[in-house]
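Next, two complexes with chain A in common: one pairs it with chain B, the other with chain C.
Entry: the complex of A and B
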């Protein structure tokens, strides 16, 4: 590690390329924290989105029509509006209206931290996408399979749980993986409300050292690396859940 | 009841916001402009990159693949930052100075990820055309260019249009990211209005309006794309 730091410092003195995150211990620490925050946002966002998406997917299957319409309205609205506008609406709009994001009159802290707002925004936005993906997966299960489950005496929800969902989930895995990649990329928008994730920390660093080009490249590589790891994990999950004879 | 009436009275949030509407719409117009131009540029460059991906020479395929992956996997916001900070604000051509206002930079920034996605859509679309079509074209003595343009592309078009429309929806929504780097698009204008009026009660309706604007613009496109996908996928399977 020391050797790496020294070589980057030497690089700076010799060529002027200032990769300060690699030799300045304080900045290295800050940037590592930034990456950690980005991953944390991504994981919580993913968890929230899966939870909300699955819930919405089930709610769209109930017989009570108004509930279905409500969920469909939610899904369509959040799929077709920009995430950043949603985040602003939640953080500045809802947050200030219900006094969730500001300090109270007696100095008590905000109910929800900016980071929690980002997690909520990510969950709401991508939950809508997950709901749609799962619905497409359920529609993709052959009708004969559904009829076979019925013929075997499964009830409506029993068939869903034991027969349809396992198939639908596996069919939706690639799309879910894409969605997850989108979540990872979207964590960068947390920058907008000053959550110290990788991009924000990098911004702080380059305003200090004027090493914009170097830091931009570091940020880009960081995200690509995170994406790469996530893609590998998704592929591994796909392999674990692989059922012989299904698909491909 | 009075609370309900207050919502529409002369001092209500809506009454304050209505005079600002033309400005908000002007901001949204910039969003549309950025997205359309970025899409137009991205389609041209993306089609070229996609074609390179289909090449038979490995030395061309590999860099094209890597570039596509790179463009698709970078966060849009990071790309926007990248272009905003690293693109010169004016360049000299001969004795003329050509300046790039920030919204032009935004167009360039958004055209980059579009290039990556289009490249992948083109590749997928060309793949979906059966190999026999290529062979038939060869048997009929079509050259490579004519094969692609008059036989493969017309068939791949149906495969490629719905995802391209979806991509356009994403781009239109992503233009809001330009707000972070200070382009005068609809959210920036909303924020300016909010600071001008300094009324906390306005925040919720003002951001609600921007959300609604985006929804009204994007939703029909995404509905149409879904409709086309449904109709055309039926025709293809048979």
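Entry: the complex of A and C
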């Protein structure tokens, strides 16, 4: 590690390319924390979106119409407005109005930290997409299969749980993988409300050294690396859930 | 400077550098001659920057920097032996360097912090004339003795502010940085942080001109500055006479305490820099 740091410092003195994040210990630690925050945001966002999306998908199947309308309204709203605008609305709109992230008069901590705002924003926005993806998956299950399940004596919810959902989920996996990629990339918008993720820390570093070009490269490669790991995990899940003969 | 650094600078500053070269080749004669001939000196400044520079209700420019400009005018008149007139060219932080490069004004006289980047583009007059350190604005009733008291506390700031890193690294402050000043202000009002950090002179100016009382529940903490960024007058490269004249004027200001007087007159607390400069030039 020391050798690596020294070679990057030497690179700076020799060529002027300043990758300060690799040899300045304080910046390296800050940036590592930034990557950790980005991954944490992505995982929580992913979890929240899946939970919310699945819930909405089921609520759309109930017979009580107003509930279905409510879910449709939610999905349409969050699917058709920009994520950054939603985040600002939550943080500076709702958050300011209800004083959700204010410190109390005696220094009590806020109800929600900026990081939790981002997790909520990511869950809400991408939950709407998950709901749509799962709906498409359910609709993609052939009518004959549904009829076969009925013929076997499954009830409405039994058929859904034992036959339709397992197939629908497998069919939805590629689209869910894409959605996950969007979530990972969208963690960068946390930068706008001062959550110290990778991009925010990079900005702090290039303010100090004016090494924008170098840090921009480091940031992009960081996200590529995170995405690569996440993609491998999704592929693994697809392999586990593989059903011979499905999709032919 | 080696080859690669040069290449990088060329890429990064090609547009601005283009202006510099064009301007240099177009005007061979020194700015001094031009000013003398016209009997007028064009000054790029932010005219909406009270109480540094602002236009009063009668349309006249007023403020601390205007007082200094008038003093500068008197000195230049003495050197050139003819009456001069000051023409204010209104600029914004984003365009003032370009205006100077294009010859729309003869000098920049505003709250212009000296940075290594800017030193590559324009000629700063040394010594620098003023300085500003970080200031902390909090709700009234918050009692702090030093920056060290902020350890572990949340402080709002601007993204890109040069105070962020020293505060985080050396004082353990939790910096919450937003993109615009409005967001920083809103966050302080919402209580997302116990204070906001910004240029001390900017905060002083904001309180001095707060006629509507929007900051009446807030105050600036009197903390000893841990660092100050100097402000410089600036001209185009390539006029040694003009540079020397202005440098003499700034030295005289520091010796006589002109800047300290002007600052106090307009309600500013002069920075430590001003006292240091007075000590330095008094001795000579």
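Descriptive notes on the structure:
Just so it is clear, the second predicted complex is superposed on the first by the 244 of 248 C-alpha atoms of A that agree within 3 Å, B and C clash if a C-alpha of one lies under 4 Å from a C-alpha of the other, contacts with A are read in each partner's own complex, and residues count from 1 in each chain.
Simple rule for what comes next: a contact is a pair of C-beta atoms (placed from the backbone, for glycine too) under 8 Å apart; a residue touches a chain by one contact, two chains touch by 3 or more.
Model, not experiment: these values are computed from the prediction.
By the touch criterion defined above, A:60 reaches neither chain B nor chain C. In the overlay built on the shared chain, the residue A:204 is in contact with chain C alone; chain B does not reach it.
Legend: residue contacts after superposition of the two complexes on their common chain; A:135 is shown touching neither chain B nor chain C. In the superposition on chain A, A:82 contacts chain B only, with no contact to chain C.
Residues common to the contacts of chain A with chain B and with chain C across the two structures: 92, 96, 192, 203, 213.
Note for the complex: chain C touches chain A at residues 2, 4-5, 8, 116-117, 154, 156, 159-162, 164-165, 169, 175-179, 183, 186, 190-194. Contacts from chain B toward chain A in the complex involve residues 70, 73-78, 81-82, 85-86, 169, 173-177, 179-180, 187, 194, 200, 203-204, 206-208, 210-211, 214-215, 218-219, 222. On the chain A side of its complex with chain C, the touching residues are 14-17, 26, 92, 95-96, 99, 101-103, 110, 114, 192-194, 200, 203-204, 207-208, 210, 213. Looking at the complex, you find that chain A touches chain B at residues 76-77, 79-86, 88-89, 92-94, 96-97, 181, 184-189, 191-192, 199, 203, 212-213, 216, 219-220, 223-224, 227-228.
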